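Questions regarding the structure given below will be posed in turn.
Which chain is which? They are A, B, C and D, in the order written, and residues in each are numbered from 1.
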Amino acid sequence: MTVTSPKIVSLAEMAARVTDGASLALGGSFLHRGPFAFVRELIRQGRRNLEIVKQSPGYDLDILCRAGCVGKARAGIVAMEGNFGLAPWYRRAVEKGEIVLEEHACMTLTAGLRAAAFGIPFQPVGGVHGSDLAALNQWASVRDPYGSGRDVWVIPAIRPDIAVIHANEASPEGDTRIYGTFNWDRIMTRAARRVFVVAEKLEPLESFRERPELTLVPGFMVEAVAVVPRGAWPGSCWPLYEVDYPAVERYMDTAGSLAEHMAESPETAEAAHA
Amino acid sequence: MTVTSPKIVSLAEMAARVTDGASLALGGSFLHRGPFAFVRELIRQGRRNLEIVKQSPGYDLDILCRAGCVGKARAGIVAMEGNFGLAPWYRRAVEKGEIVLEEHACMTLTAGLRAAAFGIPFQPVGGVHGSDLAALNQWASVRDPYGSGRDVWVIPAIRPDIAVIHANEASPEGDTRIYGTFNWDRIMTRAARRVFVVAEKLEPLESFRERPELTLVPGFMVEAVAVVPRGAWPGSCWPLYEVDYPAVERYMDTAGSLAEHMAESPETAEAAHA
Amino acid sequence: MPEAWTGFSYIVTNLARFIRPGEVTFSGVNSTPPMLACLLAKRAYDFGFTWINVAGGVQPTPSRIPISSSDPVLSEGSAAIFANEDFYDLCTRGGMDLCFLGAAQVDGLGRTNVSVIGDWHRPKVRLPGGGGGAVMLPTARRAVTWRTEHSKRALVGKLDFVTAAGGMHGVVTPVAVFVKRDGRLALQSWHPEASLEEVRERTGFAFDADGAVPTAAPTARESAALRALDPQGRFESDAKVALR
Amino acid sequence: MPEAWTGFSYIVTNLARFIRPGEVTFSGVNSTPPMLACLLAKRAYDFGFTWINVAGGVQPTPSRIPISSSDPVLSEGSAAIFANEDFYDLCTRGGMDLCFLGAAQVDGLGRTNVSVIGDWHRPKVRLPGGGGGAVMLPTARRAVTWRTEHSKRALVGKLDFVTAAGGMHGVVTPVAVFVKRDGRLALQSWHPEASLEEVRERTGFAFDADGAVPTAAPTARESAALRALDPQGRFESDAKVALR
């Protein structure tokens, strides 16, 4: 589908809108439906000192650490997952003190995003009692003013500059659909100041109008759309493709180089053909 | 579609599970997609002292007041809407002190439902500053413990006993779909202890499995489903039918009786044919 | 020769004139004039804006104009359903540029009462209640309300109850358009068949009228748009708006 | 003659035995053994239960068993997508009966560390981090964890960091099944090829073993279910579980 719309931009143009030091919420979870082509483009453009906000990052945060793009990570659980275990370059960056880590439970990070999405300075969250994370992050607890005697932990608002999500389909106006779980993408797109969508493909607006209940993000909230087929590689994008496990293995092989891995990416192949 | 499932019950059976004094969250908004057949069945069964929780009730709260079933209303805005203006029997019940009103803004009521849905004792909400509603309801304000200097109003949890929603389609397992806006039904089904669904029709489970992204309420959260075609009468159920304005006019006519109005209902006609 | 205003066209059109290019503009329940104002602006003005509404619609193209301003037909043609929690959150986090909100009474600070006439605990008239106001009025970038009656019981010196405060940018009545200036409602323009004196006389609060002028007549496109939206005058007749 | 346990079958099957009829049971990320336990329970037990998972699945019927326990194939066949906010909220409001949660270290109180080995600020090993634990462990009705290694560095006297506390109902290792009793983990049963003494020797915390017995052998249905789920022994080989 060839469409011109002011919202449709190239991957390079989209990544160029991110400044050094920006705070980015990245969609998906672990090796699934992450905006991985976008993350690689940030690396190509040499972005530095980024703040990455994501409940369960993996490949994305790891490769950004590997390329030296990260200043701070605010995350719940970081791993390659599958059968790959820890995220090696992320792990090294934290162990060497090269990046600042704000360690969350997935739901405390979400509470911070909810506070931003709801326009309130803090958000209470269930649980957390007895966890050292509260003292570590200097979270406050608030006594229920309605007399239940309950204390609840409250998380300060987390408002990323940009949420970047990888979606199955977008309209030329930015309306966005995801199949299968949308993970935490909904709250990210509500919490961030700006929303970028990398989509597997464009679908005509008419298709969205036929079943508007399927639209996760309405177009007016979306600043830019880049169309990158297989852009979640080497991860999965349900139901289109699965994790490319051999590619992840090659990525994990410390004998291999980052450049070799980057050269394998679908967006590189695409550019070579263009 | 004839299906037997332990979740599928008659409207009478569903209403019989509501005890006097129960707190009910009712779905839809004003004259649109309300569980009106269910409400009429509560009247037929002579339920008393109900607490009605709904951001924008209209016909449902009004007819329950007319029949003397209500003890308390927790509501944001109550009107017949359309071109009908105020809800007359509700208005009289409040003015005569026959029912207790807890007046909310729609979003403060929602904040209370969010607190229940999130498992926290209270929920901060944006706005409310300068409104007499805060003092009226003795809402507390909390200073942001993270030093922004902002005070935010917090609403205590509101956990209805049962959320009753009117939906387009349900599966025999209770999975529920709504077309067009779902209003506040999503948060109601998360906040309440139990969920009842009145559906226009049953659809096979297979249809839900083909497009699970359209399911608003997963079946495991739903206790009971009653199938009542045109059950939102005299209101609308998009895209199946519009508001029956002449019927609402007859309802509003003080010369008419409640019995006459009830006799017009589709579930009465259905029962007469059965 | 420019067309004359009716009370109804005056309200709908002047509400529409608050809509600005590129903005996110919301119309809610019990809000026929703002619903029509949004539809009018889509037809009569050259700029684009994002109309969202209480029926979950985002840039909808309804096949009919409903009596109820929350009718689900107002999401017809929409590419998304942006339901109640979503548009409220958008507002409280600062993403709602213009919000149309109803009111029974408005005071000189632009605060509103939609709760009660008389004492809240011993009401003379129980009104619909809180609705969107208490949350949206203080958090929308701009909020605009209207009254179909311009009188001292609608535009009051003292509200019977303050349902919502803060943020009211504009008020439209059958004879006047107010905008907030330095924290109080100031007269921006008056119906050309009324006068500044008449507006003062019929208003319960004192207001600044510096720079106020007679309201510019409806443009041909505004008039044509409203006629197209209400060809039988059904909405005009339902609204029962009189100049006096 | 009953089948013998392997370390792998011992963990998966004993996790499955924590699942109860009619309950809502959740499996998460980085959680292959619980994923297999839920699938095993569906095949091997006669009762029904609601399996929800981190991939948004509700009673899914995945066409293949994925390597990643958060693979979206785990929502295949589901009649709804119950995404992350939804299942966390379900848990914090008290609607999650059984929650499987990962752990690197577990102490005698059933608290967990998934954050760090060494000092948090000067980590020897940076572990994956908080994840679901801090919120789910105190709010789920019951939580159960597992370790593929039974040692004093996994079952510790003192956690390097308390990532999550409260609520841990059960712990399964290659040689033991613990359940919480009077606020502390107590031994429920041990691998028949191990012994109470061996379990004590390899555990970093003291525990009560009153009533503990050798673990009942896998039933024919349990064994058949696990074989059907892992016909090539791929998961068993990936998991690298050794008795000692």
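In this text, a contact is a pair of C-beta atoms (placed from the backbone, for glycine too) under 8 Å apart; a residue touches a chain by one contact, two chains touch by 3 or more.
Keep in mind the model is a prediction, meaning the values are calculated, not measured.
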Partner chains that chain A and chain D have in common: B
Taking each chain's C-alpha mean as its centre, the one farthest from chain A: C
Mean-CA-position distance for chain D and chain B (Å): 40
Whole-Å separation of chain centres (CA-atom averages), chain C against chain D: 58
Length of the line joining the C-alpha centres of chain A and chain B, rounded to whole Å: 36
Where chain C touches two or more other chains at once, by residue number: 56, 75, 81, 91-93, 139
Chain B residues counted as touching two or more neighbouring chains: 118-120, 125-126, 180, 213
Touch-based graph of the chains, sorted into line, ring, star, complete or other: other
Full enumeration of touching chain pairs: A-B, A-C, A-D, B-C, B-D
Touching residues on chain C, where the partner in the complex is chain B: 29-30, 32, 54-57, 67-73, 75, 81, 83-85, 88, 91-93, 111, 114-115, 120, 123-139, 161-166, 238
Chain B contact footprint on chain A (complex, rising order): 115, 118-126, 140, 142, 144-146, 148, 150, 152, 154, 156, 178-180, 211, 213-214
Touching residues (chain side chain C, partner chain A) in the complex: 24, 50, 52, 56, 58-59, 75, 77-82, 86, 89-94, 139
Residue ranges of chain B in contact with chain D within the complex: 116-120, 171, 173, 175, 190, 205, 208-209, 212-213, 215, 217-220
Partner chain C, residues of chain B touching it in the complex: 29-33, 55-56, 75-79, 81-83, 86-87, 90-91, 94-95, 101, 103-108, 110, 125-133, 136, 180-184, 186-187, 236, 238-239, 242-243, 245
